[in-house]
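Got a structure for you, written out below as structure tokens; questions coming shortly.
Just so it is clear, A, B, C, D, E and F label the chains in written order, and each chain counts residues from 1 on its own.
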Amino acid sequence: MTAVADVAYQAAKKLAREWQVEHAFEDYRDLLQFKEVDAVLVTVPNFLHAQVAIDAMEADKHVLCEKPMAMNAAEAERMVTAQKETGKTLMLALNNRFRRDVQYLKAYSEAGELGEIYYAKCGWMRRAGIPGWGGWFTTRSLSGGGPLIDIGVHMLDLALYLMGNPKPVSVVGSTYTKFGNKDQASSRVLGIANPQGIFDVEDLATAFIRLENGATLTLDVSWAANIEKEKVFFNFIGTKGGAALENERGISIYTEKFTILEDIHPQVNFDDVEARTEMWRHFLHCVRTGEQPLTTPEQGMFINKILDAIYESSQTGREVLITTPE
Amino acid sequence: MTAVADVAYQAAKKLAREWQVEHAFEDYRDLLQFKEVDAVLVTVPNFLHAQVAIDAMEADKHVLCEKPMAMNAAEAERMVTAQKETGKTLMLALNNRFRRDVQYLKAYSEAGELGEIYYAKCGWMRRAGIPGWGGWFTTRSLSGGGPLIDIGVHMLDLALYLMGNPKPVSVVGSTYTKFGNKDQASSRVLGIANPQGIFDVEDLATAFIRLENGATLTLDVSWAANIEKEKVFFNFIGTKGGAALENERGISIYTEKFTILEDIHPQVNFDDVEARTEMWRHFLHCVRTGEQPLTTPEQGMFINKILDAIYESSQTGREVLITTPE
Amino acid sequence: MTAVADVAYQAAKKLAREWQVEHAFEDYRDLLQFKEVDAVLVTVPNFLHAQVAIDAMEADKHVLCEKPMAMNAAEAERMVTAQKETGKTLMLALNNRFRRDVQYLKAYSEAGELGEIYYAKCGWMRRAGIPGWGGWFTTRSLSGGGPLIDIGVHMLDLALYLMGNPKPVSVVGSTYTKFGNKDQASSRVLGIANPQGIFDVEDLATAFIRLENGATLTLDVSWAANIEKEKVFFNFIGTKGGAALENERGISIYTEKFTILEDIHPQVNFDDVEARTEMWRHFLHCVRTGEQPLTTPEQGMFINKILDAIYESSQTGREVLITTPE
Amino acid sequence: MTAVADVAYQAAKKLAREWQVEHAFEDYRDLLQFKEVDAVLVTVPNFLHAQVAIDAMEADKHVLCEKPMAMNAAEAERMVTAQKETGKTLMLALNNRFRRDVQYLKAYSEAGELGEIYYAKCGWMRRAGIPGWGGWFTTRSLSGGGPLIDIGVHMLDLALYLMGNPKPVSVVGSTYTKFGNKDQASSRVLGIANPQGIFDVEDLATAFIRLENGATLTLDVSWAANIEKEKVFFNFIGTKGGAALENERGISIYTEKFTILEDIHPQVNFDDVEARTEMWRHFLHCVRTGEQPLTTPEQGMFINKILDAIYESSQTGREVLITTPE
Amino acid sequence: MTAVADVAYQAAKKLAREWQVEHAFEDYRDLLQFKEVDAVLVTVPNFLHAQVAIDAMEADKHVLCEKPMAMNAAEAERMVTAQKETGKTLMLALNNRFRRDVQYLKAYSEAGELGEIYYAKCGWMRRAGIPGWGGWFTTRSLSGGGPLIDIGVHMLDLALYLMGNPKPVSVVGSTYTKFGNKDQASSRVLGIANPQGIFDVEDLATAFIRLENGATLTLDVSWAANIEKEKVFFNFIGTKGGAALENERGISIYTEKFTILEDIHPQVNFDDVEARTEMWRHFLHCVRTGEQPLTTPEQGMFINKILDAIYESSQTGREVLITTPE
Amino acid sequence: MTAVADVAYQAAKKLAREWQVEHAFEDYRDLLQFKEVDAVLVTVPNFLHAQVAIDAMEADKHVLCEKPMAMNAAEAERMVTAQKETGKTLMLALNNRFRRDVQYLKAYSEAGELGEIYYAKCGWMRRAGIPGWGGWFTTRSLSGGGPLIDIGVHMLDLALYLMGNPKPVSVVGSTYTKFGNKDQASSRVLGIANPQGIFDVEDLATAFIRLENGATLTLDVSWAANIEKEKVFFNFIGTKGGAALENERGISIYTEKFTILEDIHPQVNFDDVEARTEMWRHFLHCVRTGEQPLTTPEQGMFINKILDAIYESSQTGREVLITTPE
């Protein structure tokens, strides 16, 4: 690594010292001017993703951008356009795709062992997990939303990836804010509660998504809810087999053989550090070879479209159609 | 009991002998002429519910009608009208409402212990449970539909009842037929498989229902699906507490007290025979006193409206709005 | 059924009355003279199997003979010869072959999913299960041996069947008599202990069997032993997968896919009555069609050869070779 | 410690520095010349055990030699002879004997609580545990064999020790090589797979051993096999009680008292470091007092004889007799 | 059986018919006049035990008397005196003593395996188990008390028996009535609640009993209490071993061997019918041989003394000393 | 912290260095002369608590004194008197009171949710846990007693606190010494056994305590006993609910609602360091504000009275009454 930039310049200098990085900048635009830099990793808060990534590509840098891609689909589309115009590599840092269990399930599904997946459910429901440490997570103008944009992005991305990235056609959704800024919420907060802070995002959301291939995908997310315990789950129901990927239980496959129902338990689990390392390796590979990254900007844009649609549907109380650009 | 009627007259006579019933008829209209009969129990296949119930009320009989109320909302509305015009008692045989655990949860919820229920999920998903015995279950013109109308009716009714019977506003849904008449389905069938029979109903359905109070209710049902095992579940998420009612686990309450998360397990389970006995007792009580039954025709009609909307949404791929008559 | 015979003539008559059988005989040879009888079921004690079965075939009857086929291989060979000479159907009543789980595992193995099975272990070890009811089980001249011939026959038959009936090449074995007729044994006996009775058979046996295809099969049986609890088990270790069939746990498959270890649990169990019914049905089918039964006399003979070899090896302390007739 | 030797001289010097050992040699013969050294610990690869140990004893040093004692019985006999001629202490580093649970079980057995042990089974079966780190484990000319000589030595030694070291009389065995150098084996390897390396040893072995006292001992070992999971087990079946020593479950005793079956669970487990410390202490004690070590060269030699016999039996397909020297 | 008597004469006649007993009386005194009767079984309510048993012995009959022996120690002493004067067999129907697990534990303890038992705890605590069926259980003048005299008698008898029947020296105790006749109690009642009935006995009692050998015994009983679930337990803590006898878990022994802590689980459970049959057999044996019964009148009397002392201590708030008659 | 004192002056100096404390003294009286010191923490062995605390208060210092308050009630009373005369803060270091689970249960009980607690049981029974490290724990003249004064103090304090600190009225108790200094005890000792050391205290104690409000409290403690495993438990049985606080299981509440029995599991556990930190904070708060500490000297004195009474009752075999000073 050659350079870091942070509006908090002291923090940038401290990081540079610790990681033995040569250059530290206050303004990321100065960094982008820097010739030695080939590629940029964008880890700024959500509301800055689009601007920084576009500036970087226009300054002839490759970009690995943290999730969510952008605050909304409009921003995401501008990023896609910038990528097309500049020809630089734009990859989304969706590290879960590189997990061993996810790769195993992808291979399983692509080998046709599940048949056609016609119904899928995914979700990340927390009983008590409002991110209370920094403050910007719970402020819509900085984050773009609550658990939907924080953890829902991972769920949607993996679900669509494992289903073969079908396009969304229409969405209905509901979002609710029931715990934010309430006294009783103190036991619901991860880290230090900050009751004076702004909390204008949802704490629970649910959506029903119709896909172009006729399949249905549902999504459930919450930071706080009166449920048994935290659950992270994917259920894919296919004509030949079903697959579940759950925290605490890993992957299970439900199918039949010789007309006998059969449960399969692959002994695969994952290591988050290993997954991130694989993600870096893949980004470097794409930068070097010019190959299309596994996590394309188009896929990220469709996730932003779905999120936009869920928020809109919740507000209007009506279904929202999603159009695919030619 | 005084009289029975069955188009299969021999069966009617046999039943009459076994249960020591005095009169047996081939045509139910003859039975309805019979003066000694005050009240009629309608247990004919779904496609006959409306006609028989209306005829009975018009013949001055009280009616306890098996679920689903009717094949569709239009029929159900005719039944509501007939009830209003005749003034007879028309009660739906939704026996699950009379279960001790359901009554306990109703009391719990009505005491305000769950706060406002803003999100609820219910479902009855079977891995291998196509009703293969009689044949009419899988023929749409006789049954009106598949698991949605067979077991989904119970789920919707209990969920709405425990939420305080809010009116539905809009519905999206998907239905799928993936196992019917396939060879591989043989291991999915309860009782004797009948592969020559008609199978023109769904085997899996899912729906997203928006309610007038802003709450969301989702429904999942299947007769056959590649999932772990049969699950019957209700999850009510409220601002003060959440409640789960599940096969295998019974009722669990998730709440907090003095800012500590708290799990509550009431030691209540149910006996199906006891629930049915309570239902009969309640029907007789309503007939005698003229009281409104716990399971009103209006509630049954709204369930038929939701079912109609799910089928329509699945066919059109669009949201369906539900209107409430003045 | 047309006729029964029992040296205890009163018992024969009683049975005939209960099962509404027309004819009862004291001497089975009288029954064999009887023209109306086409097929005979031989359920006499072990030491009479060969004689009765041969007499029956020579009297032009088909025979379904209880396990073990005979007291030893010499007798079994005489039965094979008689079958060949008379051309009658001679089937062994090895009911376990007709179990649904066994048939599933056979299909699994024949589909090549386990690869080559090179090592297999089977056993039926009881902690406390000496058959103490009748008396003849524990007397060698009547039974031919102890648990080896009582329950070991089932284990060997299923193991060889599921391995594809490879021929045995050599055997070493040990048999022990440690509990018989001892006072302490009282708690080891099923039914009523009979300490005055003869106990001259083994109560534990173990053997190592080398097969013609290079595979190894081991066998463990006991009626009484200081072990944790009764265990009935088959373990087949193949190049592509392994299968375990155990009491309490049913079938498990251990294999790998995409280089990930995978455990498979088929949801199959069995019903002993169903298995026996299948066995009768198969016998009648073979009698009618002249087809070779699933459980051939040759297979039964090889099991008797293995049992003979185990007893001989235990006595001499040396390996015993098994020859296959041309 | 005074001196270390390693053909990789740099490694020897590094070790000497780390452990603050004064002298480091390239050639162990130089170390053996060293007067200050009284006793030598032999931890070289298997194929060098015999030569180094004999040289050491002839150089008037006491020897603690790693397991297996030697590549084969011939080498082991030469070591026994050298020990007798030199009178030095020659002890085998079988650390498991010094475990608290093993010592407890030895005391239990010697107190007569199990009666006569007539049947014993031991094994160490791994589903995925090929030692892939160094390379010499899988090369016969360096290691002498696969899991039989790697982990089977521990099993045989403990089993015979706990049975009172009866002499073996005859052996049959089978060894198989099914996973070595295969692609699919990658998931079976501990550490880094080295598919180019030599793999000419077995990966599974089984044996049936007849002992002089009439008892039978069986052995199962594997580095890779399609089984449920790794199992390390000893089962001793005695006339008064049975004992099991298993990974995951520790020691269990099965017996009876006042004619009631009784399970006993001693709360003893072991600490590998403690066991090794006890082993060093015992070696020093023997060196100082001249006492016979707990793990004698004769016992090690008999284990080598059994291993030789298993390999020979597997190759010839015949039983191998073992003779005891006068 | 020859004759029955019941103040409800119709019931007596009905019973006589059903059990084919020749004679039925209204007044038990008429039965006692009857020459053919040798022995009498006293199963009348508690308040009649003493009178009937004494009358019977004075009428020259042997007596098997239901537990508790009497309403109080004074009555019990009169029974002891009557037995001594008449020389008839007087046995208490404490059926639990004849259970196989109790006999096993008695043998275990008498063999000295527990050493000296210095502290014992016993109890039968029910969360919801008020005997509501008949009514006389909850009326002090008929029953003598609540759970103390109903189920506490069994606990005290077994505990003292297994400790070797040491004499009690002093007692403190507390009894409480918290659920009787309260509305909330409806869920606490076995059978049909009878809220109009008299409830003037305790529903929970606890006591601390000092024994002549220095040991301490504590007792806990309840019919209703806010505890987890019903527990029936005996814990004997001895110098060499401890024993627990619990519902759901049976017998466990906690001891040590070779300085290792050891848990022992005997596989013994009991069959209530078997225990009662053993009790009858023992009574007949005592009647025939004149032997002292296992459950002597003196032991029953001491239990009544302890119960008296607990009630008195609870009332006075002071310790009560128990004297042993010379 | 300003100063430390220790009769082992070197230890005091070492501690001062490590904790960066300015002053170190050999004689605590020198420390008490020191003006800068406002408050003193007394952590000397039990037999010195009273003297040091009184001296400190008389030297105008506030005192936080380790448990048990004193060797006996007489000493404790002198401490109470000194506190009253000097007006200094005297707080007992009963850290368990400050645990989150204890505070939760206290709030629960004070909110009236358990109703009236009429029966409570508490105990800390160890199977093998004699504190063998220092030596003074097992010597009565230094410690005042065994497990009763070591761990029983915590049990009594929490039990009485959670019951609302009712005054004790009378006590019976038994103490036993069965394992001290015995060879077999080696496996019962925590840390290093010291068989030459003095062991003149009890190793098991049990007591029955009658409280002024009519409730009963029992206590069980042991350092060594033949039981299943270590158990730390509190059971509070109240008229509206019962509460259990157990090691391994945490808090459970047993109650009823709408006549249905209900089990409640609050998700609260504790962190010992957090509890101690809360205790320091509370002490500083009391010192600064002059507020009465949560753990008052009077409460500590009553615990000493109960302990005195248990020892006396065990010695005399008689109940001991406890008087409350005016």
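Everything that follows uses one rule, which is that a contact is a pair of C-beta atoms (placed from the backbone, for glycine too) under 8 Å apart; a residue touches a chain by one contact, two chains touch by 3 or more.
Quick caveat: nothing in here was measured; it's all calculated off a predicted structure.
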Practice prompt. Mind listing the chains that sit against subunit A and also against subunit E?
Written response: none
Discussion item. Subunit B and subunit D share one sequence, so how far apart are they rotationally when you fit their Cα atoms? Give it in degrees, rounded to a multiple of 5.
Written reply: 180
Worksheet item: Which chain has its C-alpha centre farthest away from the C-alpha centre of subunit E?
Response: A
Worksheet, complete the sentence: Of all chains, the one whose CA centroid lies most distant from that of subunit F is C
Worksheet item: Taking all residue numbers at the subunit A to subunit C contact, is the shared part over half or under half, that is, same or different?
Response: same
Worksheet item: Between subunit B and subunit C, what's the gap in Å when you average each chain's C-alpha atoms?
Response: 53
Worksheet item: Per the centroid of Cα atoms for each chain, what is the distance between subunit E and subunit F, given in Å?
Response: 40
Worksheet entry | Computed distance of Cα centres, subunit F from subunit C, in Å | 69
Practice prompt. Could you check subunit F for residues that touch two or more other chains and list them?
Written response: 260-261, 263
Discussion item. Please classify the inter-chain touch graph. Allowed labels: line, ring, star, complete, other.
Written reply: ring
Worksheet item: From subunit E, moving on to its ring neighbour subunit F, which chains come in turn until the ring closes?
Response: E, F, B, A, C, D
Worksheet item: Along subunit B, where are the residues that touch subunit A in the complex?
Response: 114, 118-119, 127-128, 169-170, 172, 174, 176, 178, 184, 186-187, 204, 206-208, 210, 214, 216, 218, 225-228, 235, 237-242, 244, 252, 254-256, 259-261, 263, 317-319
Worksheet entry | Complex contacts: residues of subunit C adjacent to subunit A | 104, 107-108, 257-258, 260-268
